[in-house]
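In the two complexes below, chain A is the common chain; its partner is chain B in one and chain C in the other.
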Partner chain A sequence: MSKVFSEEQRDCLQELINVAMGLASDKLARFLNTFVHLQVPAIELVSSAQIPAEFETRYSSTDSALVSQGFLGNDGLRGEAIVLYQLENAHRIAALLGYETDSISELEMLTDISSILTTTFLNGLATQIDNSLSYSAPRVLSSRQGNVAQALLETAYHWELALKVDISYQLIDHSFNCDMLLLIPGEAVVNIQQILTRILEEY
Partner chain B sequence: MTLPVLICDDSLLARKQVRKSLPEFFDADILTAGNGVEALAILRSQEIGLVFLDLTMPELDGIGVLEAIKQEGMDCFVIVISADIQPEMQKRVTELGALAFIHKPVNPEKLVVILKQYGLI
Partner chain C sequence: MSDNWLTGPVLEQLNSGVLVVDEQFQLVYLNCFLQRHGSVQLDEVRGQSLFKVFSDVPEAWLRRKFASVLELQSPSFSSWEQRHYVIKLPHMRPMTSSSQYMAQNCTMLPLSDEAGRRYVCLLIEDATDTFVYQQHLQSTLQKLEHSNRIDGLTQCLNRRYWEEQLKLEVQRALRYQQPLSLLLFDLDKFKQLNDQYGHLGGDSVLIELSARVRALLRDTDWFGRYGGEEFGIVLTNTALQGAVEVAERLCLAVSSLAVTFNECSIQSSISIGVAQLTNTGERAHEVLIGQADVALYNAKRNGRNRVVAFSPGETEFLLKTTD
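Showing the complex of A and B:
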């Protein structure tokens, strides 16, 4: 990412993401009725072709799930948000929330958490850049129903770039990790650079 | 009288946002720090009247800074400006002696209200 963005632009993007993540964490904490230790999410912009290989090891060895949701905003802002979970992690959260452990409510829970993470996060990001987003219905796939790695491969194929956001939530008695990927079109880099430059010029 | 002010945040953008949010007539001598360790080094070496403090930072976070300020009895006002907006976090920083808690990105009008409230402007 250092090649794509200047150090000032990278700092700006990181701060926008930190603020958006703060909003998502607050929402998650209220939803789970607990306190969430917020860590600065590591971000990286990579070619989406790298994504399947990078995540295959982490998500094919254990039961996992993928939730994807398309987003569309003004000025051609569009993409697809993906949240990847290891189901073992998700079960701990399910227990906290009192969800039954049958597979239907498990999918329901994953959709709820993903929706909090992605829509709150993306709305927070959009507000900061004076944009607003609409979303498609989330699509959920658990490794019990299909091949998560294959679904990731097929989804990533439609896009050129991926903004990786490593999310690690530490709850008081539980730890919970997931990965969020924002798949975006290649020309988005120029848009992002323009947005960051505009924000930096304001200050 | 010029007020010595410290802006502590690991993000350059956030430090600039705070600086730009201060009213023009606010007579301040502004120093900056990129993490809690740098902030404490400044606070221990000179008189600072007001600190704008971020919470989530590398090296030493804002909570660590507030604890040190309290423990060492440093005489300065602290306004926390944070992306971590959970009610429990707001409660924690207030208990540690922070005057106010402002959500990021900082809202200049809100900041002025707080500065007025505590007679800083």
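Showing the complex of A and C:
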């Protein structure tokens, strides 16, 4: 998979993602009125075939959720963002966002949280490359069914490349961990390479 | 963007609702779709609070949504599957939908004008068609599930589903140490009935006897068609003595009243084998079926139209006679 991006392109992408995460955590901190510490996200390019096995161990033992949201920008930038997290974690952040768990359906809470995490992060990424994104409505692919691996397998099947971003938000008194997968189809990978090349040339 | 001649009419003709509020949730814009569906005029409500004009919107929820859009400058969504509608509106399928109100998929977007003032745009898509299809799909799936379990002729459970339930009930009875009994019964001289009255006559007897038997059972019993004229009943939380009493009642219910078919009066009877669960282990349900079958065989051999309970020792007898 390292062949897909050159060393330089990969570093550039990591840098863009670091900054995007910084922007996202700043926004979240203002929104939630609390400090948000964000670990520098580890990114990794993985082939879609590897994905299910990798997440199976982490998410199969507990109740977990998998939420998908499509994104579409200029210059052929497009893909699908998948947020994976354990439901126990979700309730923590839900409380912080002011949800009363009895008055709102669990699915609605899940899609809201995922959408906030995904769009704040991807908007940050888009701004840096002079792009802007539109999003599809978030959709819960799997929740409480214990078939995360299967759901991922079905989703990931059509994608050439996945950019795996481990995200760990640390809030005061709370910690929240989740994984974000950016699934990118073949032709969009080429488009992203072109965007990265352009950025590298500008420096 | 001075394409007002273009965006204006399109916005007005759009088959989706477009609503814009400022940071104080005061209405700035409503397109034609929303004015018509909501029976309001933009000129009359401009500058008023959204929550006053549409008084039944979920205010706390929408405030939180809009706050996140303004603060994070990123979109927020709402799906009809979780929240049927945000603004209560009639839809355009009043006759063919089971819901009175429009199912809505909503998108909330951040906007700003040239002066940097911030707004939230609420896009409302009519998802009523999707909702209607989903309802059809659900009811079709329910029917499918039903027909997957039920024997078409007698309306009893079919063999596959009945056996699954037997297996589950046997495991449950073993786990909670509750008694469980099984009845296997067979319509006597079914071949003779078919020969004499035709297959439709035979079928009508099967239908009638199933109905009579079902009327005498509890909701917790599992009644299934095991083979052509052979049926099984799982009696939960019932020991052998109670099961024999039930069986006697069933026998009598069938033999006491003839079935009328094509103005013919068909006299019929059933033979019943009864067994109580005693074995444990993975194959306990198979052993139980075997024991009830031995008892049924003995009921037939002893002259039909009767109930025989399995007792240990009969297995050897059966093996001897069949050798």
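Definition applied: the second predicted complex is superposed on the first by the 188 of 203 C-alpha atoms of A that agree within 3 Å, B and C clash if a C-alpha of one lies under 4 Å from a C-alpha of the other, contacts with A are read in each partner's own complex, and residues count from 1 in each chain.
Keep in mind that, in the parts below, a contact is a pair of C-beta atoms (placed from the backbone, for glycine too) under 8 Å apart; a residue touches a chain by one contact, two chains touch by 3 or more.
The model shown is predicted, which means the values in this text are computed figures rather than measured ones.
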item	value
Partner chain in contact with A:A126 - chain B first, chain C second, else both or neither	neither
Which superposed partner A:Y203 touches (first chain B, second chain C, both, neither)	first
Partner chain(s) touched by A:V189 [first = chain B, second = chain C, both, neither]	neither
Which of chain B and chain C A:D11 touches, first, second, both or neither	first
Chain B versus chain C as contact partner of A:L96, first or second or both or neither	neither
Which of chain B and chain C A:S25 touches, first, second, both or neither	first
Partner chain in contact with A:V46 - chain B first, chain C second, else both or neither	neither
Which superposed partner A:E108 touches (first chain B, second chain C, both, neither)	second
Contacting residues of chain B [partner chain A, same complex]	10-14, 16-17, 19-20, 56, 58, 82-86, 88-89, 104-105
Contacting residues of chain A [partner chain C, same complex]	27-28, 30-31, 97-98, 104-105, 107-108, 111-112, 115-116, 119-120, 123, 134-135, 137-139
Interfacial residue positions of chain A with respect to chain B in the complex	8, 11-12, 14-15, 18-19, 21-23, 25-26, 29, 35-36, 38-40, 128, 199-200, 202-203
Chain C residues touching chain A - in the complex, by the definition given at the top	61, 64, 67-68, 71-79, 81-83, 105, 107
